[in-house]
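To keep things clear, I will list the structure first and then write my remarks on it.
Lettered A, B, C, D, E and F in written order, each chain numbered from 1.
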Amino acid sequence: MRPSGRTPDQLRDVKLEIGFSKYAEGSCLAKFGDTHVLCTATLEDKAPPFLRDTGQGWVTAEYGMLPRSTHSRMGREAARGKQSGRTQEIQRLIGRALRAVCDMEAIGERQVRIDCDVIQADGGTRTASITGAYVALYQCFKRMLADGLIEKMPITTEVAAVSCGIYEGTPVLDLDYDEDSAAATDANFVLTGDGRIVEIQGTAEEEPFSEEELLRLMRLAKIGVSQLVKKQKEVLEG
Amino acid sequence: MRPSGRTPDQLRDVKLEIGFSKYAEGSCLAKFGDTHVLCTATLEDKAPPFLRDTGQGWVTAEYGMLPRSTHSRMGREAARGKQSGRTQEIQRLIGRALRAVCDMEAIGERQVRIDCDVIQADGGTRTASITGAYVALYQCFKRMLADGLIEKMPITTEVAAVSCGIYEGTPVLDLDYDEDSAAATDANFVLTGDGRIVEIQGTAEEEPFSEEELLRLMRLAKIGVSQLVKKQKEVLEG
Amino acid sequence: MRPSGRTPDQLRDVKLEIGFSKYAEGSCLAKFGDTHVLCTATLEDKAPPFLRDTGQGWVTAEYGMLPRSTHSRMGREAARGKQSGRTQEIQRLIGRALRAVCDMEAIGERQVRIDCDVIQADGGTRTASITGAYVALYQCFKRMLADGLIEKMPITTEVAAVSCGIYEGTPVLDLDYDEDSAAATDANFVLTGDGRIVEIQGTAEEEPFSEEELLRLMRLAKIGVSQLVKKQKEVLEG
Amino acid sequence: MRPSGRTPDQLRDVKLEIGFSKYAEGSCLAKFGDTHVLCTATLEDKAPPFLRDTGQGWVTAEYGMLPRSTHSRMGREAARGKQSGRTQEIQRLIGRALRAVCDMEAIGERQVRIDCDVIQADGGTRTASITGAYVALYQCFKRMLADGLIEKMPITTEVAAVSCGIYEGTPVLDLDYDEDSAAATDANFVLTGDGRIVEIQGTAEEEPFSEEELLRLMRLAKIGVSQLVKKQKEVLEG
Amino acid sequence: MRPSGRTPDQLRDVKLEIGFSKYAEGSCLAKFGDTHVLCTATLEDKAPPFLRDTGQGWVTAEYGMLPRSTHSRMGREAARGKQSGRTQEIQRLIGRALRAVCDMEAIGERQVRIDCDVIQADGGTRTASITGAYVALYQCFKRMLADGLIEKMPITTEVAAVSCGIYEGTPVLDLDYDEDSAAATDANFVLTGDGRIVEIQGTAEEEPFSEEELLRLMRLAKIGVSQLVKKQKEVLEG
Amino acid sequence: MRPSGRTPDQLRDVKLEIGFSKYAEGSCLAKFGDTHVLCTATLEDKAPPFLRDTGQGWVTAEYGMLPRSTHSRMGREAARGKQSGRTQEIQRLIGRALRAVCDMEAIGERQVRIDCDVIQADGGTRTASITGAYVALYQCFKRMLADGLIEKMPITTEVAAVSCGIYEGTPVLDLDYDEDSAAATDANFVLTGDGRIVEIQGTAEEEPFSEEELLRLMRLAKIGVSQLVKKQKEVLEG
């Protein structure tokens, strides 16, 4: 029995709210239950230096948590003067996940910068970030199309992410904080709408796990991501 | 005529939403028009080192802006590795303003840490921060009272803040971003419910201004703060 | 009775010594009693990037304290690897105060950088800094005029600063360290020679204070600043 | 055809040289072809603060690259003043991988600190690091056993790592730099001696990949790790 | 012919002014011509951690330059967020020089912290620092003796420093900035009152130099230091 | 009697191994007994900014120690976020030593960057660094000659370095760690092949020392350096 009463293959209540930010070229407040992440997309006129004169663009991401987004307050990274290893790991993951579904030439020599800021955290902040960031990025591209900056949508396929884990012996979908802290195994899946893998990260928190267990987690992830992608489409097309 | 159509002594639409955060000991989303600041209060069991064995407590504050809370994206302070001078100036101001209305002995050897994070900025983020922080702090103290940690409410009087300035020759209340960028003079007033001064900071952006002008701004500020304090009471007592 | 034996409206013994530095384009050792601040002006051939191609110049300031300028030694900011919030607040104030009395177009696309370094501190280091910085800046501009770099003096009016506070119930002028640590209210006034306000910062250290008290402090400040400006003129014209 | 002429399921020439360091409690120079990583284990008498009074120990890792270990020189992290996101990601991975095969109670309240320093890099530095770090850690534990500090070997099973990827359409084992830069998909497998998963990280560098491709990569990884574990045993028992 | 008109074995005009600082336990403004360094000694009640429970004390030094102490302004180290390699090299030298003439047991478990701050620089700031720091340290010890904190003067012999160099082919004493920038060889000598060596640092700026040249520089240094030590004695005994 | 059994004028077993690095334009693993330093030379196409348009080149150096190169582990400088004063002092010394024997015009507007990384430390890491760095630099220049980038060898004479000290009353050559920690006096000599001085740094660790003692140390250093230079020639010409 999951602490939340969900069935093993049940996502939390997911909401993707667009238009949350007055200024950003795209924005989405992604809610996976009590995990709330504000994702914004900022269009910059220049590509990063390593792409100068290549005709290609770039998508990058930054991630942060409000100090009291968590149960106990975390020190503010700006005050400590550096981003933690965890923060850097997550923002690199978000950037890679988005770039994997973008056609960099279609963007032109520009950069879209995604900010994922966790307003409240209850497990799964990186998967909510990726899922919401896709929405913000899509909106940004849509506006670029409308403004005539680009000629075709630079996104090649949908992408969303979800975590799965083995909780008290049972593979379950979309871990919340209570499950995450107790899970023996924890894996994050970044998948496309048609179930292909963009990124997979699985970690044995206690015992090493078997290939079969990995496959069972992946089956759950496919279920979850297909529902997330449906939500993305609804909000973007709605 | 103000860009927003407000009369000179009219506040923006102000909302103070409590209970925004699931975890914090107190929280308030303070909205001054399109300026939205999330204020949380975190109770810590220890006073800062310089108060050890004095029987006194402390209240301190930190301030931050989400990178895309502003019209153009600002670099993330955590990524740049330091807080700007402006950030430090504002968080020191918030802390002083709150401590001025607290009885440090009534808190005991504890610390309440206030976080003010700007979700969206349209001028007046520091005054919205102080106004919302008071609410979060009050809630935190109320909980401490309920939990028997303290015996009496450590707050001595209400405090709220508002900015005033001279916009196109006319003193106006509660500057939004458009007014703020164009104002000849800009002053922030941190006042008590009964109109006494906790902190005043006035700056000539263009021309030095006269004592009389300062007094006209202060008159507006008193009008504004009395309304803000009324809002605070409503939400805290409601 | 003030610890120093001064009357409430009496400045400390003030000396503004010019020509202290062999190299700087302008320099002034400002002594307010035992508070000694060395102010230098450095002319730089380029304006800061945000003013490129505007035809305008800039004035900026930095502030520092020698580690043993104070009663107990303070850690060296260069060794700790960052400037404190207080330092940044003060240097921003000095810069604003000077810019408020400068005609930026008359400077041309150049920058004057003011350094205020506290050799010894006995209260009022920021007000001594502003008062001395004006002298150093003026000298720098005079030299620029003499060298034919500019055509007219870019200063529009004199500026000087002084602190006032309520000490044991009495408003007093130009607080020294003993008074400053004990004052209930503390305000810094940056005023022009004719008594207009460039910047005002008033803080209730204990009790919130009334508008009337503020006005009494401002009256003292005007007395003090008019004497400081007289000293500035003497040393610059002498 | 692989650039190195290896067959798809062929590791590079692997050497694990122990006793490379005169001082460390354990050391291994791990060579995967032209990738050379020096791994050392340092025993510290104290557990990290968060384990105080729990009776448990800890294993942690740090990673670095000599500036000219790579084809073009990389800036020295110590000179730039911070570790890159990539560095932090890798050292966190090494630490997790080792802790997954350790019995923390058997270590007692101590910490073993692993340093993995890349002397020369030709792809796969993180997998060589983990494989060599296991050897250094084992030696350190052996010495602790011999010194009577612990009563039983705290290692529960062997662990080693290898990368696999899809290079020109073919899944291949143990990518070198030439393959790594050109691979469409890249996955790192941290596996136990008996083929269970400690950590898996797969990334689509170009096209999202299918579950079937992932399984083919995992099959190669199992082949590779079983050979690496054999090498580890030889050198540790030899 | 030297630019200053001095003879090869002539020091600049040297003045050691004590009592410059109102608060420090010892202070000396050391002037070597236009090089002015303010040296202060601060007594701290605790020895540094590595000396805990050894009964020994420590002497350490920090060095800094005011930004406009030099001909062209130097960036402020506190603003740049780190001390330069040159600064660290010099402050380590000052500390070693002083410790070489101190009896650490006679100090007891305390630390004296020397600050050398360059007010104006015209070459030889490190040698003026050492020479003035000795005076400040001596005063601090004298006060400790007077206060009964220590039983005997912890200084074993006098120490002072001077630079020598080969300028236009001629060995000269006490280089000023003009000579220093043009010297082929530059050496700093830290010597005791009786001519023994505490530290010697010689550098070929252009051509490697011979042992004979080194000895000629040392001869000059002994002449210079004996005069500096005489000045130290006069001011300390006066 | 020396702990190692060496005679007073005997170097440790010295080996200079070239070709250690697969990528660098020059490399040398310098072994002075158990002190092992990997020196690499990297050719950069641009001179540093201060040499732009002068037609001259530059040689610079960086130094680092692997954390467990020493008996007790040292904190990693990259993790601590800054290079220690000692590190900076040493890398500045290495750079100066090499530049003293280079003809900067012959290099052209390029920079050679030397990295000296200590793999294992047993005293004398800076002297081994300089001795090995010369070899790496020479190789780099040889390759530049072969590639037609330069027309003549930019090295004017050989340079090598060795430390000497007074150990239990006897001057000895090439201190190892045991001797270094116990030596009363410690001096580092950077000399040319024909015995001229490039840099000399002598420090009294306990007692100030006499000029005569310095000369005895220099005599030993000349013996040592002439042997080191012979080794350099052998490896470079071999």
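Everything that follows uses one rule, which is that a contact is a pair of C-beta atoms (placed from the backbone, for glycine too) under 8 Å apart; a residue touches a chain by one contact, two chains touch by 3 or more.
According to UniProt, the chain labels map to these proteins: A, B, C, D, E, F = Ribonuclease PH.
Predicted model only: the values in this text are computed from it and were never measured.
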**Interchain contact steps from subunit C (Ribonuclease PH) to subunit E (Ribonuclease PH) (minimum; 1 if touching)** = 1
**Item:** Matching chain pair for A-D (criterion: over half of the contact pairs shared, by residue number), options B-C, D-F or C-E
**Value:** B-C
**Message:** Can you compute the centre-to-centre distance for subunit D (Ribonuclease PH) and subunit E (Ribonuclease PH), using the mean CA position of each chain? Integer Å is fine.
**Reply:** 50
**Item:** Interchain centroid distance [CA atoms averaged], subunit B (Ribonuclease PH)/subunit F (Ribonuclease PH), Å
**Value:** 59
**Prompt:** Which subunit D (Ribonuclease PH) residues sit where two or more other chains touch them?
**Reply:** 81-82
**Request:** Please categorise the chain-chain contact pattern as a line, ring, star, complete graph or other.
**Result:** ring
**Request:** Follow the ring of contacts from subunit A (Ribonuclease PH) in the direction of subunit B (Ribonuclease PH) and write out the chains one by one.
**Result:** A, B, C, E, F, D
**Message:** Give the list of subunit E (Ribonuclease PH) residues in touch with subunit C (Ribonuclease PH) in this complex.
**Reply:** 21-24, 27, 34, 38, 40, 42, 44, 62, 64, 66-71, 73, 76-79, 81-83, 87, 113, 115, 117, 119-120, 122
**Residues of subunit D (Ribonuclease PH) touching subunit A (Ribonuclease PH) in the complex** = 82, 85-86, 88-89, 91-92, 96, 100-101, 157, 187, 191-192, 195-204, 206, 208-211, 213-215, 218
